[in-house]
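Both complexes below contain chain A, partnered by chain B and then by chain C.
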Partner chain A sequence: MKADADWQAIAREELRFFGNVSAAISHEINNRIAVINEKAGLLTDLSVMMAQGREIDVTRFEVQSRKIVEQVQLAKQTVRNLNRFAHSVDVMRTRIEAAEVLELVVALYARKAAAAEAVLSISESCEPVTITSSPFFLETLIGRAIDVALSRVDDARTVIIGVEATREGITVQFRGLTGLTEPIEFPEESQGVPALLECLGARYRSEPDGTALLLEIPDHERMSHGRTA
Partner chain B sequence: MTEKVLLVDDEEEFVETLAERMRSRLVRCSVTVSFCLSQVL
Partner chain C sequence: MRVLLVDDEEELVTALAERLSFRGIDADWSTSGNEALNLARTHTYDVAVLDVKMPNISGIELKKMLEKTGPDMKYIFLTGHGSEEDFRAGSAEASQYLVKPLDIELLIETMRQVVQK
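The block that comes next holds the complex of A and B.
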């Protein structure tokens, strides 16, 4: 049975992760609003200039209108991602499509990756794999792995993320790194990660050449079947 | 007017649009997209 201190560490870690992601998403939504606001202002400027008798190319209106629609679509996608992320705390354990969780966390981390002048790319050879686990815990561990990967990304500046089935569950791979060594070190604010790993029976390890971070997560359904067999 | 304004932001579409509005007001400006102002200055 886990000690209270472990659960507190996990709760703090989860709250921090939720806060980190929420802050990034709110910034992203704010960016879309700021762009739409400026473009609406530009359309007003153009209308005023036209009313004053200046010759304005009508395609400028068309271009800006189209770009406002694009920004609205981007904002809607961001809100959809936030909604999916927020609902991932609804169930403690469920059957999860690993690739879908990866896609969501990669989308949530796009801004952070851009700030680190890197790109997150999901491997084309990513297998369709399902696992029984905690969606929110899984997202946290993938997110924290991306944090480490972004601090160790090599000169190509692309973290290639893939997932494969293993006998025990799944392994999520983060490739394109350099100089990664064990034990994997997490930022000061992520000190609840070890307790979270223990809770899921998961672990991080690096490839011997230091170019990849691997996150191994057991399938809780298989584990429980194993115990009852 | 000889002053020139440098617009810096992490959102390209935002600074480009702002620059377009400023230029229409005859303000000379250039744009840099960056997540970190200290990298620009």
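The block that comes next holds the complex of A and C.
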């Protein structure tokens, strides 16, 4: 049975991750609102100038209106992702399509990657694998792995993320790194990661050449079957 | 008044620059710190409006670099949320500090205030 201190560390880590992602998403939504605000202001300015008798190319209204719609679509997608993320705490354990979780976390981290002048790319050879685990814990471990990967991304500035089935569960790979060594070091604010890893029976390791971070996660369904067999 | 606008959201800075030009303010724009530095080396600006959070060079870092090219230039920082963290970073560095989405009339008033200081 886990000690109270471990559960507290996990709870702190989960709250911190939820807060980190929520802050980044709120920033992204605010950026869309700020752009829409300027575009709407520009349309108003053009309308006023037209009413004053200035000659305005009417296609400008169409172009700016289309750009507002594009911003609304971007914001809608961001809100959809936030909603999926928020609902991932609804169930403690379920059958998960690993590629779907990867896509969600990559979308949530896109702006953070851009700030680090890097790109997150899901490998085309990503296998369709499912696993029984905790969706939110899984998102946290993938997110924290991306944090590490962004701090170690090589000159190509692209982290290639893939997933493959293993005998015990899945391995999520983060390639395109340089100089990664074990033990994997996490930022000071992510000190609950070891307790979380222990809770899921997961572990991080690096490729011997330091170019990839691997996150190995056991399938809890297979683990429980293994115990009863 | 000549203004340099720097924000990594191109759709925001281009619209803002045009709206300022409608109000008689000459505004150049860039979407990165490096572009902004190049503009500042070849033009003189009264005020720079800098987004705090930008990839590579942040608004705070950019201000320090721009000060070497034009010591008389004044600065206004833009931030997404006006969070405590942003405020601590910005208040010590900027002449003024505005939260997005912007009120253009407030921006113009603020630019006039900092230029007159």
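Basically, the second predicted complex is superposed on the first by the 229 of 229 C-alpha atoms of A that agree within 3 Å, B and C clash if a C-alpha of one lies under 4 Å from a C-alpha of the other, contacts with A are read in each partner's own complex, and residues count from 1 in each chain.
One rule holds in what follows: a contact is a pair of C-beta atoms (placed from the backbone, for glycine too) under 8 Å apart; a residue touches a chain by one contact, two chains touch by 3 or more.
Since the model is a prediction, treat every value here as computed from it, not as a measurement.
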Chain A as common anchor, with chain B and chain C clashing or fitting: clash
Contacts of A:A115 with chain B and chain C, given as first, second, both or neither: both
First (chain B), second (chain C), both or neither touched by A:E185: neither
Which superposed partner A:M49 touches (first chain B, second chain C, both, neither): both
Touched partner set for A:E38, first chain B, second chain C, both or neither: both
Of chain C and chain B, partner touching more chain A residues: C
Partner chain(s) touched by A:K67 [first = chain B, second = chain C, both, neither]: both
Chain B versus chain C as contact partner of A:S26, first or second or both or neither: second
Chain B and chain C footprints on chain A, overlapping residues: 31, 34-35, 38-39, 41-42, 45, 49, 64, 67, 71, 114-115
Touching residues on chain A, where the partner in the complex is chain C: 26-27, 30-31, 33-39, 41-42, 45, 49, 64, 67, 71, 114-117
Chain B-touching residues of chain A, taken from the complex the two chains share: 31, 34-35, 38-39, 41-42, 45, 49, 64, 67, 71, 114-115
Chain C residues touching chain A - in the complex, by the definition given at the top: 9, 11-12, 15-16, 18-19, 22, 53, 55-56, 80-81, 100-102, 104
Residue ranges of chain B in contact with chain A within the complex: 10-11, 13-14, 17-18, 20-21, 24, 35-36
